[in-house]
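Some structures to go through are shown next.
What follows is a pair of complexes built around chain A, which joins chain B in one and chain C in the other.
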Partner chain A sequence: MKLLRKLAEKLMESLLTLSGAVTTAAVVLIFAYLFREGLGVFSESPVESRVVLAVHGSNPVKQLNADVIRKMYDGQITNWKEAGGSDVEVVPFYQSDITKYFSDSALGPEFANLPQCIGQLIDSMPGIIAAFDTSYTPAKFAGHYVQTDQVSLISFLSGRNWYPTAKPAAQYGALPLLLGSLWVCIAAILIALPLGLAAAIYISEIAQPRVRRILKPMVELLAGIPSVVYGFFGLMVVVPAIQRIFNLEVGETGLAGSVLLAIMALPAIISVSEDALRSTPREMKEASLALGATQWQTIWRVVLPWSSSGIAAAAVLGIGRAVGETMAVLMVTGNAAVIPHSLLEPVRTLPATIAGELGEAAQGGTHSKALFALGCLLFLITLTFNLLVEYLVIRRRRAAGL
Partner chain B sequence: MISVIRVRLVASLFLALAVWSGCSGNWLGRRKHRHIISIKGSDTVLPLVQREAEFYMLQDSVPSLEVTGGGSGVGIKALLENTTDIAMSSRELRTDERLDFKAAQIDIVEQPIAYDALALVVHPSNPVKQLTREQIELIYTGRITNWKEVGGNDLKIILFSRESSSGTYEFFKEHVLNKRNFSASALCTSSNGAIVQSVSQTPGAVGYTSLAHLNQAVKPLAVSYDQGQKYILPADTAVSYPISRPLYFIYARNGSEHALPYINFVLSERGQQLVKDEGYIPVN
Partner chain C sequence: MNAPAKQVQLSELFKAASARKRRQQRIAFALLRGLTVIVALLLLIIVGYITVKGLPSLSWEFLTGSPKNGMTEGGIFPAIVGTLCLAAGSMIFAFPVGVMAGIYLSEYVSNGPIKQFIRIMTNNLAGVPSVVFGLFGMSLFVNGLDFGSSILAGSLTLAIMVLPVIIRTTEEALKAVDPSHRMASYALGASRWQTTRRVVLPQAMPGILTGFVLAVGRVSGETAPILFTAAAYFLTRLPESIFDQVMALPYHLYVLATSGTDIEKSQPAAFGTAMVLILLVLMMNLLTSLLRNRLNRKAGIK
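After this line comes the complex of A and B, so read on.
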């Protein structure tokens, strides 16, 4: 009998240890995977896999960056002078354009002569830049290959152009996405924190017990609404409202995202900071009141300082939700990958980019690695916020002598 | 006494758990259910396939169908990873995808099930009625930025596009934009429905959507592919609208026998009638 109970206890204990170990291992594994995939992008070439770029033999250009290549193929750079070459017009060419230059009979059955045709074309046009599959490399041609710069950490973080599906060379400049995320998130927390804190103070200190019993579950119910529903609500209600109020050309803006995120972060902030406020010992409050302080003075000078670390935790939770939130933001911020100059412009956030593009990115390819790198960036942002708040709380406690 | 009961309870719980996990051992592995056909991919094809599925499942003793969206690329990737039976796609397989299937030794069938017209839509208050392909290219690559340059009011053009995981996005880039990149200031939305919704709320907007998603809240434009000699509206069935494309079912030649009756149903006379009813163009 006793033995059985002891055995059961031992079993429970080992189960608990096991689940702790499993959770830790899972977290470590996810981080390792995330960073391994994400950092992989920095040794990759921006040119599609299995594709090479070649130019005419007389062309002095040996190296191009992805931005110049994209502009050539988009018709924004039309002369090799602009790319450090001689005064020749740029002729961009993909292998699928071959039918414009050669007839079907010249190409042979099943495109058997495609490599020779590509070789001839490169040799006949001084201004050509040709992108073709390595399996169609001509046996001999007088042109030479063009090298491209690898994706670097600096170009990734400071690049202003996010063209992940540009062909033949993609551009991964995450600066607009990074700034978009920060703008939306900071604005959201500026809306949510004062509002949430005010609501928490009301619920914990001022409201009647009966009101509190209704209000608190109501607020927590907000957290149970799926984010896609918030997104839909945002698209139908918040976006047109913002468009009307600010008289904008388009309502899908960073502000719409911030407002939604603020609503979504509210339950966490209210709930956690209310718990913190209520953990203030009754004696402290009563001592304050006994000294003749008003209720407001008690709240401001006693309750708030006492619960500051809990409130900081609430802020961290709110920020965590805001930075990582995907669906609602994806639906209302417009997702244009340009650097935002105000909150009233469309922005594209990091998580929205990952969600929107991961489906198309070939697994193990440069694009998917770049998306993982965005994930790493997101993680580092949340970590920084957490450490910052932690530091502030510690400093404050030291100053208060606690 | 109580503790004995408790121990028993815990023990039987674990036993139940073990039995359950034993039964569903296949749960995480490959989906080899013969009773469910899973279909995944393009959001453009989704409403049609859902409608077809509803009618198909009215018959007796047919497998049930699981239809989910996510974009053509998502479906094709799922097919490659063998997590779906049929991929819906609004574009052809790309070369790299073909090579991936070859590497995985999966023999692929691309079966067109319907044709879809891509309508260019603007806000109903916009006086512009028609555009040439060249104008559309200049608008979407960001070189024309005001409606007055194409005969409209003095109003900034707001571009609406789809996310890059969408087959519609690729098709539009390939066949309308002449492979040029979308302007970075284009707003990306995640579905046809969201484009229609956003365009209907934005006076200066232009967007592209599958004909089946078109409604009264937005105005379709007539498009010319011959430098403005003849403009054609997407709803005009007498002449062929230039921006149209086949919609595909993509599946493995071997191993999807259980899905074949459904594919045949979609291609049958009844199935193609549904294609017409849903606003798409039948294949034959």
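After this line comes the complex of A and C, so read on.
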């Protein structure tokens, strides 16, 4: 009987230990799965799957990057000289354009002659760049294939163009999204920090207990409102207001996102900095008051310096929350993947891009892998912020001798 | 001759200085109060706006009917059922594990590097953006384990997301139990598990339940994690098994507000859905404060 009980105790203890490890396991799993999919993008070609690019035999160009290819198909590059070739006009061709060059009868029943036609076309036009499915590869043609640069870490991080659905070659430059996130978050924290800090000081140092009992649940309520509801409110109220105030064509701007993120970051900032303010030793406050300082002088000269690292932790935590916030931002920022020049333009953030595009990206394709790579980036950014908060909190505890 | 004059001057100076100090304080406090009022007003405006616009949409038909005519009419019953399924599913996984982890942290492991490490990891998990949970859930549960976009995959994703909330509140609740009660239990010859189960847990129960309620509230409002793991754009039938997709309230609101068939016409339904979500949050907050009051009363009696 006693043995059985001991056994049960041991079993329970190991079960509890196991659950203690569950968050660590979750973080490791998230890390592993995210990076397994995300890093896959760096060995991929930006060209659509099973599509090849070919040029005329006389064309000296053997390698192109995705940017040049997109510009050729967009008509921004019209001469091969700009791509390192000879002085010939670029003729972009996509396999679905074949009906412009050949009649239905020439293409044969069920496009049986399509590969031959593509071959003929390539050989007849010196300036052509042709994109076609590998299954339509002509049996013989005098042209040659063009290689494309793979997606690299550098092009991913520093690329200024995010055109994930461009055909035939997509571009995955995350810089506009990174900058979009950065701008929106910095503006948000600039709005939220003064408000949040003021509220924290008021709640912890000045307010009567009765007022505090009303304010605290209000802050909790603010934290509990789902982010889609914030997004909806933003869409209905903040966006039209910004449009009217700044006289813009569209109100869906980075500023709208910042305002919402600021409201959403407030509860975290208030509660963490309130904790920090509250941890000021009473003796220190009393000593200051005994020297004849007013309550405000005590707050300004004693309480705030004492809790500065806790307030810093609150700010960092607020930024971390804002960087990862998805739905509200997705709904109000307009989602234009261009490098923003002001907060009054539509911007697109990292999380909004993931949420907005993953549904359309083919599973396991380059686009979806690129979105996972964005996820990795986001994960690393928020992880850094979290560890910074931990560091600030631990340093604070040490300094306080706790 | 000079001494009294000097004294007058000094006391004048002192008076002026203290008047300045008081004026500074008045200005500073007014500023702080004003900014705090702004924060409170923000909440009131948001909740008030949604309530004023959304309350008229609420009706028995709205709560119990299916969406009709491209989601411009009808109700949100499938979304309510879906959110309940997801909340229940995620709690089945997360609540036992989270509470056990909380017990381990508070009762079993001593202060030291292991505890520190677990705490940092828990905070890290809490800081992971919700959309990253969505990516992870899609990669592991939907594709890796082949659950498909389903209640099961969505629940597991949400469960992992909400674990830190449960762990933290459980740990806080357990820590608040008077150590002398543990000592008394040990002195009577009870083992660690017996002490935890018979002495510590019953006292901490309201606090642990607070965590449960908070977690349900959080899970019911999240959109990004279920976007690719569970949520359906539109369904007329209710889920039959845990491998079915479901509609969910937050995702439904997102769809109505941004990509419905007729956004103008579906606005009343969108306000109604937002109202239901706000009511849900209000209810959860009320519940937690009731639980907390009970906890405080208990502590007061002792």
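Observations, loosely collected:
We adopt the following convention: the second predicted complex is superposed on the first by the 366 of 402 C-alpha atoms of A that agree within 3 Å, B and C clash if a C-alpha of one lies under 4 Å from a C-alpha of the other, contacts with A are read in each partner's own complex, and residues count from 1 in each chain.
Here is the rule we go by: a residue touches a chain if its C-beta (ideal position, glycine included) is under 8 Å from a C-beta of that chain, and two chains touch if they have at least 3 such contacts.
Quantities reported herein were computed from a predicted structural model and do not represent experimental measurements.
The superposition on chain A brings chain B into a clash with chain C. Of the two partner chains placed by superposition, chain B and chain C are both touched by A:L235. Judged by the touch definition given at the top, the superposed model places A:S158 against neither chain B nor chain C. Of the two partner chains placed by superposition, only chain B is touched by A:E252; chain C is not. With both structures placed on the common chain, the touch criterion links A:G359 to chain B and to chain C. Of the two partner chains, chain B is the only one that A:D133 touches; chain C does not reach it. Judged by the touch definition given at the top, the superposed model places A:Q297 against chain C, while chain B stays out of reach.
Shared-chain residue A:M1: touches chain B; no touch with chain C. Once the two complexes are overlaid on the shared chain, A:R348 sits against chain B while remaining clear of chain C.
Touch counts on chain A: comparing chain C and chain B, the chain ahead is C.
Of the two partner chains, chain C is the only one touched by A:F379; chain B is not. Taking the listed stretches 63-71, 99-107, 135-143 or 279-287 of chain C in turn, the superposition on chain A shows a clash with chain B for 63-71 alone. Residues 5, 8, 235-236, 331, 358-359, 363 of chain A touch chain B in one complex and chain C in the other. Every residue of chain A that touches chain C in the complex is listed here, in rising order: 5, 8-9, 12-13, 15-17, 19-24, 26-27, 29-30, 33-34, 36-37, 194-196, 198-199, 201-203, 206-207, 215, 217-222, 224-233, 235-237, 263, 266, 270, 294-297, 299-300, 317, 320-321, 323-327, 331, 351, 354-355, 358-359, 363, 371-372, 375, 378-379, 382-383, 385-387, 389-390, 394. Partner chain A is touched in their complex by these residues of chain B: 3-4, 6-7, 10, 70-71, 73-74, 77, 95-97, 99-100, 141, 155-156, 158, 163-166, 179-181, 184-190, 194, 197-198, 201-205.
Put simply, chain A touches chain B in their complex at residues 1, 4-5, 8, 48-50, 70, 73-75, 94, 133, 161-167, 176, 235-236, 239-240, 243, 249-252, 330-331, 334-338, 346, 348, 356-363. The touching residues of chain C, when paired with chain A in their complex, are 21-22, 24-25, 28-29, 31-33, 35-36, 38-40, 42-43, 46-47, 49-50, 53, 97-98, 100-101, 103-105, 108-109, 116-118, 120-125, 127-136, 138-140, 143-144, 160, 163-164, 167, 191-193, 217-218, 220-224, 227-228, 250-251, 253-254, 257-258, 270, 274, 277-278, 281-282, 284-285, 288-289.
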